[in-house]
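Shared between the two complexes below is chain A, which has chain B as its partner in the first and chain C in the second.
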Partner chain A sequence: MARYAMVTDLTRCVGCQACTAACNAEWDVPPGQARTRVLPTGAVGKFPHLRSAFYVAQCNHCDDAPCLSPCPSGATFRAENGIVKIDRNLCIGCGFCVQACPYEARYLNPATKKVDKCDFCSARLERGRQPACVTTCTGHAKYFGDLEDPGSDVYRLVYSGGAQRIESDDVKVGPNVYYAGRRGEPELVAQMFPPRQPQLPSSGQWWSKVVKPLALAMVGATFAGQAIAFFTQLRKGEGQFDE
Partner chain B sequence: MSSAVQMHSTPTGMIKKHHVAIILLHWFNAITWLLELTTGAALIQSEHFRFAPLWFVTMITEVFGSRANLLRFHIAAGLTWITVFAVYGIFGWQTYFHQEVLEREVALDRDDFNWLRIRLLRILGRSNEPLPPQGIYNAGQKMFAVMVYIMFPIIMVTGLIMAFHWGSMTVVGWAVVIHFATVAVVVSGLMVHVYMGAVFPEEKPAFFSMITGMVPEEFAYKHHHKWWKEVKMLEELHAAGQPEPRPAPAPSRLLTALRMKEYWPGYWAGLGLGLTLLATFLIVGQGLGASGGFTRYLAFILSLVAPGYASAHPYWSNYVQPGQPVLMDFLVFELIGVALGGLLSGWLAGRLKWTTDKGPRISPKTRWMLAFLGGAISGVGARMARGCTSGLALSGGSVLSAGAFVFMLAVFAAGFVGAFFLRRIWL
Partner chain C sequence: MPQGISRRNWFRATSAAAATTAAATATTTPGQRAGQPALQVATNCEMCFWRCGALAQIQNGRVARIEGNPQHPLTQGRLCARGNAGHQTLYDPDRLKRPQLRTGARGEGRFQEISWEQALDWFAARLSDLKSKYGPESVAILPHGVSSGFFSTLMKAYGTPNSAEPAFAQCRGPREVGYALTFGRGVGSPEPLDLANAKAVVLIGSHLGENVFTSQITQFADGLSKGAQLIVVDPRFSTAASKATQWLPIRPGTDIALLLAWMNVILAEGLEDKDYLAKHAHGLDELRAHVKPFTPEWASAETELPAAQIRDTARMMAAAKPAVVLHPGRHVTWYGDDTQRARAMAILTALLGAWGRSGGVLLPTALKRGSFKLPPFPESKRGRADGAGTTYPLASEEQGVTNGIVEATLTAQPYPIKSWIVYGQNVLESIPQRERTLAAIKLLDLFVVVDILPVEQTLYADLILPEATYLERYDAPHIVESAARPFISLRQPAVAPLHDSRPGWWIAKQMAARLGLDAWFPWKNPDEHLSKLIEPMGISLSELKARGAMAFEGRPTIEQRTEADGPLFPTESGKIELSSKTLKELGHDPIPIYHPPADPPPGWFRLLYGRAPVHSFARTENNALLNGLMSENTVWMNDHAARDLGLAPGARIVLQNSDGSESLPVAVQPTAAIRKDCVYMAHGFGQQAPGLHKANARGASDTPLISRVKIDPLMGGTGMRVNFVRVKPEVHT
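After this line comes the complex of A and B, so read on.
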């Protein structure tokens, strides 16, 4: 069993967006959407102590992925190798998962009307190739591999290279995309782009908090009423049936 | 009730309550609901929304092989359901909707409201007033019908929104919730409906009326007095040779077509077959076929008797793979539908009988042997051609496959030649 992870070395990232372009081409991402984006923090601080970095955002394939449970049909699932995937045969496009993602990594594909996101290029992995963003990265800033393989780059970077997760104080869901950087870039990114609280849209909240309990109560009550009527009838006996 | 008994002697005999088209629709609907509730409950998997126990979800998913199949089935059955209601709605608007639904099934009058009030008080033990006389449906049934006719369109539209992703994420998200809520309302009504229909002893004649179409006159007299009187009045007027106060509704075109004694004109049937083919392409994504279905049945038997042989065999292994249900194929169900549909149309047209169609010169035994032989030859031939007249020629031809046209020409050419030599069997 593999535990895939990605590490992006933000010191090496030059913000060229080649990863976004490669990903869009590889997966036919519709215009205006992206599975991986490069977001500049801009200049932060006071002259002359300015800092800046690029946040290379994508699906983090979190250990406690908050997008899994809101999916009504089970279209979003975790594959055995830990990668969070979408079964497009099951997706109905309700978008509950889109709002749940703290990293805003999901979008509705307007062509298929189904949700898409990064799946670590699973189709390429199956053919023994690296994800498109990794092979294309001009600054060689991206590493992809198995955290259970002590010989891998990601193992080294995560366990001894100081690569870290982008988390905030209240959102810690175990992302598996790590960020390295010699000049404090990961901290800067975490400060400028903190993950947001997972949300359930109001339709989903109504469903789980109001409609479902009400429905169960209603069906239960009519069922109980019928059961009582049935047993009263039984007790009264068959006397009046032919009346 | 007792005052009425003095006026008329207690009637005997049966009177007609339900048209066969309504009976068919009702049981089609009941079966569809059973299937849709089962698959629908198993489709809701999220821990926020799931209400069916996990073992149930797993069991139903396994029956269908995968969750994707489960969803496909749910959608296909739902679309069939919508289509059937649409056909009834369009062709039966005049008779069914106007006369049956609006006037008799959903319009509550003053007697109905009193009936509901007294019924409720009686259940609470607060009254023993006699119940007011009722029409063809009592007020409780009418309330159920009103609810059903309000909920069904909502269920249909929200289902279509989810199946075809009509609208933004917000729209689809709300469609899911509304679909669930409206189904829940219908289900709680169904608790009472099914209990009254199938269990409640007093309503037993009503249950049988949904099968035979007839109710005992005595039952109508006691439970649906206003309707009974109406029927009697019409009968008396009729007997006296007077015109009926309201002309009998003209049977709808659908019903006329369904009940036609003759075979349908070939062009109608051709059009119908074409539309059926179009619908199967639309709904299940493949055309019609026959031999492929029989192959599946054979493969299924083989997988029971000799699973090892079947999954290793170069031909049978196409159908028999470990972990894949052999019978999970559209054609398997289509063939069942073909048999049922044939039976149904034969029955509706009063054409059902045991007979052996044959030419005058041969005995039934010869005919059966030849039929079997011919079937076997064309079966093997169909597999060699990778399709039969329906699969290859009809479905293939409809998508302009060159092989289909070559095959069709070959079939007709061989048919012409073969018929010359075999003419004595038929003439």
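After this line comes the complex of A and C, so read on.
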């Protein structure tokens, strides 16, 4: 089974945001939000001895993804190929996963009231295409592939090209997005944008965001509603990445 | 089984809400549409002038997505943020939708919608009036972009020589002239720089990275990955500077001093490409004598750069010769001596043997193109009004001098200009000295704007003609000779024009019919126009349409040139002119001389401006996607200078220039990444156009702050980095 990973070569990245724009266009991301974003570290050091780099941030599809367990509906799940996905049909928009993500890679879409994030462009992968950010990147800075495939660019970059994870001493959750750079850019990015401690929902949040709305929904649902739901689901069948 | 999955089943079974939502959202997800578009149209992008190969994906009659065209020989499937957002310009709700005739006062913004028939009849009648009253020369056309050729043909046929585009006098004019004086030909666009194979890249005032041209970025990154040395000269720690082996935070306006010192080191240490110069160059002894006094120690005092760094970087580029790209820049109208600065860069390029060499600057390969037999254009007895060829002896008569047109309009010298027709640009943002441009517009008898969006200038127009966007129209194809492999790339409509907009070619052709100028438009439709053009290229129209672009064999290096390519250096001497006879005859310095710039007084900053990667000019700020990425600019200010002024990050300030002209309020961005003597902002913001609902009054524009310019006496370019600004003191009441 594939183990998908992304590597961004920050020496090649000029921060042009083509990746963000392509992703926003591909996924109808509302203005001001993003599934992948480009964050400048800003100038670090003392004039004229300065350094700076761009952090191309996105979902890291972590091995120990802290977003999985707080999800009350199970909408967030990991597919067998390692991609952490959101079943939009199940997401109740509680936002617990948004606050749990150490990389701030998730957002609550105000239009759909669902959480959204990078899924490595799974829909494109299914058609044999690379993620939209990879194919458009003006610096050819992004590589996507299978870490189980020794012939892949990501394999080479991760196992012999010095590509690194953005981790801190406190937060090591096995991200599968890596960063390379000839000039210490990954270290600078890790210093300026260390992953934060995952925040778990409080009991108050559980009550207001999950239990109460759910109870109301159940009380309100008529028998007919249940029947329609049941037959709709039956006709539709299971999603392609279901267990 | 992971914990999450069982909860999924539980939720699915119990929640009616979840299931009904599922039914509602089970239609195609956005990402799926990109995998299998119903129809794909290959065209080229017009979000900037690089015109990358694009594939417009059509679903349900709409452009759902635009991706790069992998078959485009130069851009190879890559699109920048703007290219990816093109459909948001197409579907911008603020677009100009129907022809409009002014009913209120100029600037008031009151218009009446009319039909195309009425609009074009009215326009043609006014042009005929002007011709009989003041002569055809009284009408000037201010075009920009790939379809401007149709309007230029129309106006030439009408009888006016007055055509001027900002691409020359506000952009790359000095570079084209400076390099042509040296090598016999300008650099051309796209710049044929062999960045991928360069061993050293020198950027002097070029903010590549913030200035994004897809293929140039790709090749730049390729060069860096292969270990090219990068030398960046910029008062600002730019994106490129962050990747540099050496960053030279130069004192603004002293580039010629640095360039002369680099030449001094290279010639003093015998590091020049001796064989290349012996074979191809003329005037080396004069140059050697000229640069002798300009030591790194001398330049250090002017540039505020360490002499050792000047020496080291000269040696660094010499060690890489001839595989050195000294980037000629693009917007280079800065200080009024810009042609001479471009000359200095061209001469240095020659010393390194890099012109026409692999890893350096490549040579164009001519492409044969077909053309219709047109009647000769009427000759003007009065000549040009903008000074091209006269006041500005080396200005391009093809591209003209926009500010010369403004000047002639204001002064009625050498004769009155009574009408402007603007196509594909926003003159209030593209030409500096905004107040003068506005004053000139107010003097016009006829001001017609062909545009896509209600940009500020449309408020002053007598007639607004809504053009179709690049995704809805055919344009003249992009024929590029200045590339390793020359190519032709097609612009063809992905969808039919929305609203009541029309393609530029159609408007021009319709006007020609009304003015009795049909003979200059002998083609019935775009296919006929295109077929004629590609006739000698040996390619089929259907294949071109399917692929979007086709490339031909190039001979980009001196070693590859043949007789068919003509003279290697089409200068007067047939050689590289290190010392210019032309300039000497015109009474100018045959080899560049350095003139020190004025320093800003205490408390004032030199105003610098540039590009943001997600926007083009003042053209894209209203695009929903791009506006979401960057809706306002900021003012970069040295962090110590900001602290001295008591300005915290994000504080909103108003900039005021030496003439009292002010910006709109804008956030300050204190940073160590800029010198203390200048401030910097991205161009294109702070537009004053209420019809642009997303862009109006967001951020600050540099054009009102550029109330002074220093004109390049050789080509008429407006040196625009000569304005000082300060933070407007707060008024306490």
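To be clear about the criterion, the second predicted complex is superposed on the first by the 201 of 243 C-alpha atoms of A that agree within 3 Å, B and C clash if a C-alpha of one lies under 4 Å from a C-alpha of the other, contacts with A are read in each partner's own complex, and residues count from 1 in each chain.
One rule holds for everything that comes next: contacts are C-beta pairs under 8 Å (C-beta built on N, C-alpha and C of every residue); 3 or more make two chains touch, one makes a residue touch a chain.
None of these values were measured; they are calculated from a predicted model.
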Considering only the touch criterion stated at the top, classify A:G45 as touching first (chain B), second (chain C), both, or neither. second
In the superposition, chain B vs chain C on chain A residues touched: C
Going by the contact rule set out at the top, does A:S160 touch chain B (first), chain C (second), both, or neither? neither
Tell me the contact category for A:S73 with respect to chain B and chain C: first, second, both or neither. both
When the two structures are overlaid on chain A, which partner does A:R124 contact: first (chain B), second (chain C), both, or neither? second
Touch check for A:N89: first (chain B), second (chain C), both, or neither? both
Let me test your reading of the model: by the given contact rule, A:V98 touches which partner, first (chain B), second (chain C), both or neither? first
Can A:W207 be said to touch chain B (first), chain C (second), both, or neither? first
Can A:L108 be said to touch chain B (first), chain C (second), both, or neither? first
Once chain A of both complexes is superposed, is A:V219 in touch with chain B (first), chain C (second), both, or neither? first
Both chain B and chain C touch chain A; at which residues? 69, 71-74, 87, 89-90, 92, 214, 218, 221, 225-226, 229-230, 233, 243
Within the complex, chain A is touched by chain B residues 43-49, 51, 67-68, 71-72, 162-165, 168-170, 172-177, 180-181, 184-185, 187-189, 191-192, 195, 199-202, 204, 222
Touching chain C in the complex: which residues of chain A? 9, 11-12, 14-18, 20-22, 24-28, 30-33, 42-43, 45-48, 50-53, 68-69, 71-78, 87-90, 92, 112, 121-124, 126-127, 129, 132, 135-141, 182-183, 214, 217-218, 221, 225-226, 228-230, 232-233, 236, 243
Across the complex, what residues on chain C touch chain A? 1-12, 14-23, 25-26, 29-32, 34-36, 65-68, 77-85, 87, 208-210, 212, 214, 217-218, 220-222, 224-225, 237, 239-243, 247, 249, 613-614, 624-629, 638, 671-673, 675
The chain A residues in contact with chain B across the complex are 69-74, 87, 89-90, 92-96, 98, 108, 113-114, 200-201, 203-204, 206-208, 211-212, 214-216, 218-219, 221-223, 225-226, 229-230, 233, 238, 240-241, 243
